[in-house]
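If you scroll down you'll find the structure; I have some questions about it.
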Amino acid sequence: MTPLLSTHKLFAGYGAAAVLAGVDLTLQEGRTLALLGRNGTGKTTLVDTLAGLTTHHSGTIHLMGRDITRLRADRRAAAGIGWVPQERNVFKSLTVEENLTAISRPGPWTVERVYSMFPRLKERRRNLGSQLSGGEQQMLAVARALMVNPRLLLLDEPLEGLAPIIVDELMIALRQIVQGEGTSAIVIEQKARKILPLTDEAIILDRGAIVYRGSSAELLADERAMGQHLGVEKAL
Amino acid sequence: MTAVLETRDLKRRFGAFVATNDVSLKIERGARHALIGPNGAGKTTLVNILTGVLPPTSGQVLLDGEEITNLPSHTRVKKGLTRTFQINQLFADYTPLEAVMLAILEREGLGSRLWAVVGSYRKTVDEAAALLARFGLASVMADRTNRLPYGKQRLLEIALAFASKPRVLLLDEPAAGVPEDERHEVLSIVSDLPADVTVVLIEHDMDLVFSFANRISVLVAGAIFAEGTAAEIAASPDVKAVYLGESA
Amino acid sequence: MLTILFDGIAYGMLLFILACGLTITLGLMNFINLAHGAFAMTGGYVTVVMMNRFGISFYWCLPAAFLASAILGGVLEATLYRRLYHASHLDQVIFSVGLVFMSVAAADYLMGGQQQLIQLPPELSGRTEFVGVGIGRYRLFTIVVCAILVVTFQLILAKTRFGSRLRAAVDDRRVAMGLGINVPAVFALTFAFGSGLAGLGGAMGAEILGLDPNFPLKFMIYFLIVVAVGGTSTVSGPFLAALLLGVADVAGKYHVPAIGPFVIYGLMIIMLILRPAGLFARGGR
Amino acid sequence: MSLPVQESVQTGAEEQHVDQSRAHRLMQRRTTVRSFEILIWLGALATVYLLPSKMLILTEIAILALFAVSLDLVLGFAGIVSLGHAAFFGLGAYTAGLFARYVTAEPVAGLLVAGAAAGLLGYATSFLILRGSDLTRLMTTLGIALMMAEAANQMAWLTGGADGLSGFSIDPIFGLVPFDLWGRNGFIYYLVVLFLSTLVARRLAFSPFGLSLKAIKSNPVRAALVGVPVRRRLITTYTVAAVMAGFAGALLTHTTSFVSPDVLAFHRSADVLLVLAIGGTGYLYGGIFGAIGFTLLKDALSVVTPQYWMFWIGLLLVILVLVGRARLTRWVDDLGERLPGLRGTNR
C-alpha cells in the first residue's frame, strides 16, 4: 500500500544553515504521529519543510505516491496538506470568518461544521484576528487548517502556552479530528505524556535526525528512551 | 563576587505583547551563565536589549555598575560588551581577514582614520592573523565569507565578537544549524574561551548547557522562571514541567 | 476659500486613484516602482487618442483607459516585474527609472511632446453656482467618480474572497502561501488592477493635471508622498494623505505661490523623519 | 599570488609567522595599484594629444565621472540609495557661478568655495538620511533636491530663475592658464580635479574608515556590534561626497560660463545613478567607466535618434537589471586578480 506520506533522506534548513540531516519518515493513511524532541532539534523545520516553506537541500517527499518535493507551498495545500503554524499566525486584519473562508477548499469541512466544533469561534466570527485571545487564536489556527480539507494535518505545538482549561478543550477537538474523522496528523509537542495517548506512532528528533521511532504506546512504556531522549524522569 | 552585567526590571513590549517582563538578572564576573527556555520565551529579545539592538520599554541595564541602558551598540562594544547572533550576521563579501581587521581597528580606535591604508597597520594585521589561526580560520582567511562552509561561518561569527576583546560575551546559540561533522570545532572553541571573559550562553542543546554552564537562568514567557546552579536547575521539578520535559 | 477646498479635494481624490496601485506594490511586495506614473499616462493617452482621433465619447474612454492600463500592467508584471521582487531596492529603482525613460520617449515618439488637450462633454465643463460657491462641474464629476471608486475598492477589499486573500497575503505572506493562497497570482491581479486604476486616473486627470510625455516624472514625487506619508497598512491612510496633499497643494499654489512646493516637500521630509512607517501606520510590531 | 612563498620550517612559531606574512600580503594586495588604473589615467592624458577635436565630450565625461565617483561613495560604499544627488551638484554649480560673478572669476577659488557650500549642505542634510528604509531615504533625498530646484527657480533675483545665471566669464586658472577655445586647457584642469578627487576617494576606500563603510553597507547591525559608530561614519561620508559633487557642479559652470536650472533637475540625479548602474558600484572606477559608457552611448544614440535616445537608454537599464548588474560588472573583480599588480604605496 502506498503510504500517505514518505520522506527519503531529507536534508533541509533555512538558507545555507542545515537543520534536517537525512530524515526518513513514512506515515500510513489514517495514522497519527507525535513528533517529539527537545527545543531546537529540528521539529518545526521538519513540519515547515513538509509544508514547503524551507530551503530544500536534498532528498525527496512523497504524498500519496506523488513527488511533491519541488511543489510550491500553496500547491501543497491543494495537494492535501493542512498546516497549523507554531506562532499560530492568524491573519490579523481578517475577521474570524474571513480567516476561514479565505483559504477554504471544498470537502467535508465547512464553516458550519468547524463552528460546531469550536462554538467559541462562532461567537467571535465578526472579530478581527488581532482581537482574539491566545486560546481563540489557536482554535482558529486549527479550524483554518481544517478548512483546507487536508489529507494530512500538520500541527506545530498546538498546546503551547495555553491555559489548562483551553488545552483540555483543544485536546477534545484534536481527538475528534484524528480519531472521529480519521484525519492523518503529525503533531509536534514538548510534553510527550500529553500527546502520546492521542497518537499512534512517535518519533524523536535530535540534531535534525530521527533517533527513536516506535508506537506511541511503546514509547510511553519505555522509560529509558523517554529519559534518554526527552529528559523525562520516571513517572510517579 | 560582583555582578559585571546586571539588569533591573527590564521590560519590553511589542504592542500588547510583553516579550520581556520585569527581568532582573545578575551575571557574575567570569561566570559561565546559560539562558534557557522554550521557544518564544524572549531570550533573543533580552540579548537584543542588552546589546542595544532594541531599546527596552522600561528598566535598566548596567555594565560594571555603570548604566548603559541608552547607549548605542558600538559604545557598549567599546565598554566590553558584545555578542554573536543566532542567525549569522556577517559581512557577506568580506574575507575573514578583512572582517577581523575591522573589528580590531575599531577596538583600537583607529576606525576613523581616513588616510593611511589598512595594510599599514602592521600590528593589527599580526593580531588578526593570530586570532584567525586560533579560531581555525587561517586557511580560509582570503575566501569570501558567503562562500565559507557553514561551520566556518559560525566560527567567524564568534571570532568577530572575540576580536573586540569583550569582558562580557553573549553567545546566541553558537552551534545552531552547524552540521554534525563541523560541530565539535565550534563547541571546543566555546569551551576554550578564556576564563576572564564572562560568557552568557543561549542554547537549546542541553548536553552543551550542562557541560558548559555553572549557572543557569530559565526564561519563560518573558520572565525569569528559575535561576540556580546547573545541578539545581537539572533537579528542579518546576523547570522540568515547563521546559526540560514533564514529570508527573 | 471653499472653492479652493473643493478643488483641493477633487485633486486629492484624483491623486489617490492614481497612487493607490502603488500602495499595494510597495506595501505587499516591498517593490519600489517609480514607473507607476507610466500606467497613468497610458490611460491618459488612450483617452486622448480615442476622443480626438476617433471621436469616441469621453464616458467610453474611461473604462477603456482602465482596461488598457490594466492589461499593460498585468503583462509587465508577469514578464518583468515578477523577476525583481527579491532584487535589491537599487535594482528596482534602476529598472523602474529605465521604464520611465522608455515610456517618456515612447510617448514623445507616438504622440508628440506637446500638452494634450481634450474637449470635455459640454455638461461637464463650466461652473455651477451652489449656495454662493462656484463649483467646477468637472471637479464635481471627478469627486463623484473617485468617491465611487474608493467605495468600490474598499468593498472589494473588505467583502470579497479575493479581498480577504489579498489582505491575508499582506498580513503574512509565508503563512498565506502555506495555507494554499497563490500569492503570486493574487499579486499579479492586484498589480493589474492598480495599474488600471492609475490609467483611469490618468484619463480623468488629463484635464486637471495636464498630460504630456513628462507626466510620469512630474508626478512621481506626488505618488511617493501619498504612499510614504499614508503608510501601506490601510486604505484610509493613503486616502487621507492624498486629500491632505491635494488641498495643501491647491491652497499653497493659490495663497503662497512662491513657497507652495517647499511646504509640501518640507512637510513630507519632516513626516518621514518623525513617522518613518507613515502618518497613519498602526503601532505594534 | 605573484610573490614567491617564503621557505619555512614547520614549527608552531613558524606556522604563525606564515599566517602573518600571508595576511600582510593579502592586506597589501587590497591596496595595490592595478594596471588598469594606470592605463585609465595614461589613456585620459593621451586623449589630450590624440583627440584634440573631442575636448568637449571628454570634458562632459570628466565632469560626469567626478559626479558619479561622488555618488559611488554614498551608494557603493555606504549603501545609501539617493535620488537627489543633483542637489549638491546644482548647489556647487550655482555657487561657482555666483562666486565668479560677484567675487572673483578665478576658477580654483570658485571650485573650493563651491565644494565647501555643497559640503555644508551635505553635512546639514546627512542627519535626515541616517534613519529609515531605502524608500524614506530615496524620498528624503529626492525631496531635498526638488526643494533646491524650486528655490533656484523662485529666487530669480539671485539665480536668474528659469533663464539661468549668466553674465560672467571665467578667468585663467591661478591667473596663469587661460581656458582656450578648444577646451584643451580646461580639460586638463578637469582631469586634474578628477584625478585628485579619485585619489582621495581611493585612499578613503582603502583606509580603516573605508573598511568600516562597506561593513555598514553590508550589515549595519553587526557593524555597530564590532564597534563601528555607524551614524558618524555615514555623516562624514555623505559630507565628503557632497563636496565632490559640488566640485563637479562647479566644473560644469566653469565650462559653460552659464548656470541653467537644469543642474538641479531630477534627470541629473537619475542619470548619475544610471552611470553607476552601467559602470558598477563599490570599486571607485565604476563612475569613470560608467561615465564613459553613458556619455558615448548617449552621444551615439542622439546622433541616430536625436529625440528618442532616452528610450534606448531606458531599455538598456531594464535589460541590465534583468540580466543582473552584478554578473556584468564582475569582470572588474577579476581584473585585479589576474593581472599582476604593481606594488602600492605602503607606509
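Going in written order, the chains are labelled A, B, C and D, and every chain counts its residues from 1.
Operating definition for what follows: contacts are C-beta pairs under 8 Å (C-beta built on N, C-alpha and C of every residue); 3 or more make two chains touch, one makes a residue touch a chain.
This structure is a prediction, so every number in the text was calculated from the model and none was measured.
K.L.:
What pair of chains has the most C-beta pairs in contact?
P.N.:
Among the chain pairs, B-D has the highest number of C-beta contacts.
K.L.:
From subunit C, which chain is the farthest off, judged by mean CA positions?
P.N.:
Comparing chain centres, B lies farthest from subunit C.
K.L.:
In whole angstrom, what separates the CA-based centres of subunit B and subunit D?
P.N.:
39
K.L.:
Can you give the whole-Å distance between the Cα centres of subunit A and subunit B?
P.N.:
Comparing mean C-alpha positions, subunit B is 32 Å from subunit A.
K.L.:
What is the distance, in whole Å, between the centres of subunit C and subunit D, each centre taken as the mean of its C-alpha atoms?
P.N.:
Computed value for the inter-centroid distance: 35 Å.
K.L.:
Where the CA atoms of subunit B average out and where those of subunit C average out, how many Å apart are those spots?
P.N.:
48
K.L.:
Report the residues of subunit A in contact with subunit B in the complex, numbered from low to high.
P.N.:
Residue list for subunit A touching subunit B: 13-14, 16-19, 21, 38-41, 44, 86-87, 157, 160-161, 190-194, 207, 226, 230-236.
K.L.:
In their shared complex, at which residues does subunit C touch subunit D?
P.N.:
26, 32, 80, 83-84, 87, 89-91, 93-95, 97-106, 108-109, 217, 221, 224-225, 228, 258-259, 261-262, 265-266, 268-269, 272-273, 276
K.L.:
If you look only at subunit B, which of its residues touch subunit D in the complex?
P.N.:
So the residues of subunit B in touch with subunit D come to 51-53, 72-75, 77-78, 82-83, 85, 89-95, 97-99, 101-103, 105-107, 110-122, 125-126, 128-130, 132-133, 138, 141-142, 160-161, 163-164.
K.L.:
Give every residue of subunit C touching subunit A within the complex, in rising order.
P.N.:
161, 164-165, 167-168, 170-172, 174-183
K.L.:
Name, in rising order, each residue of subunit A that touches subunit C in their complex.
P.N.:
For subunit A paired with subunit C, touching residues are 51-53, 72-78, 82-83, 85, 89, 91-94, 98-99, 101-103, 105, 129, 144-145, 148.
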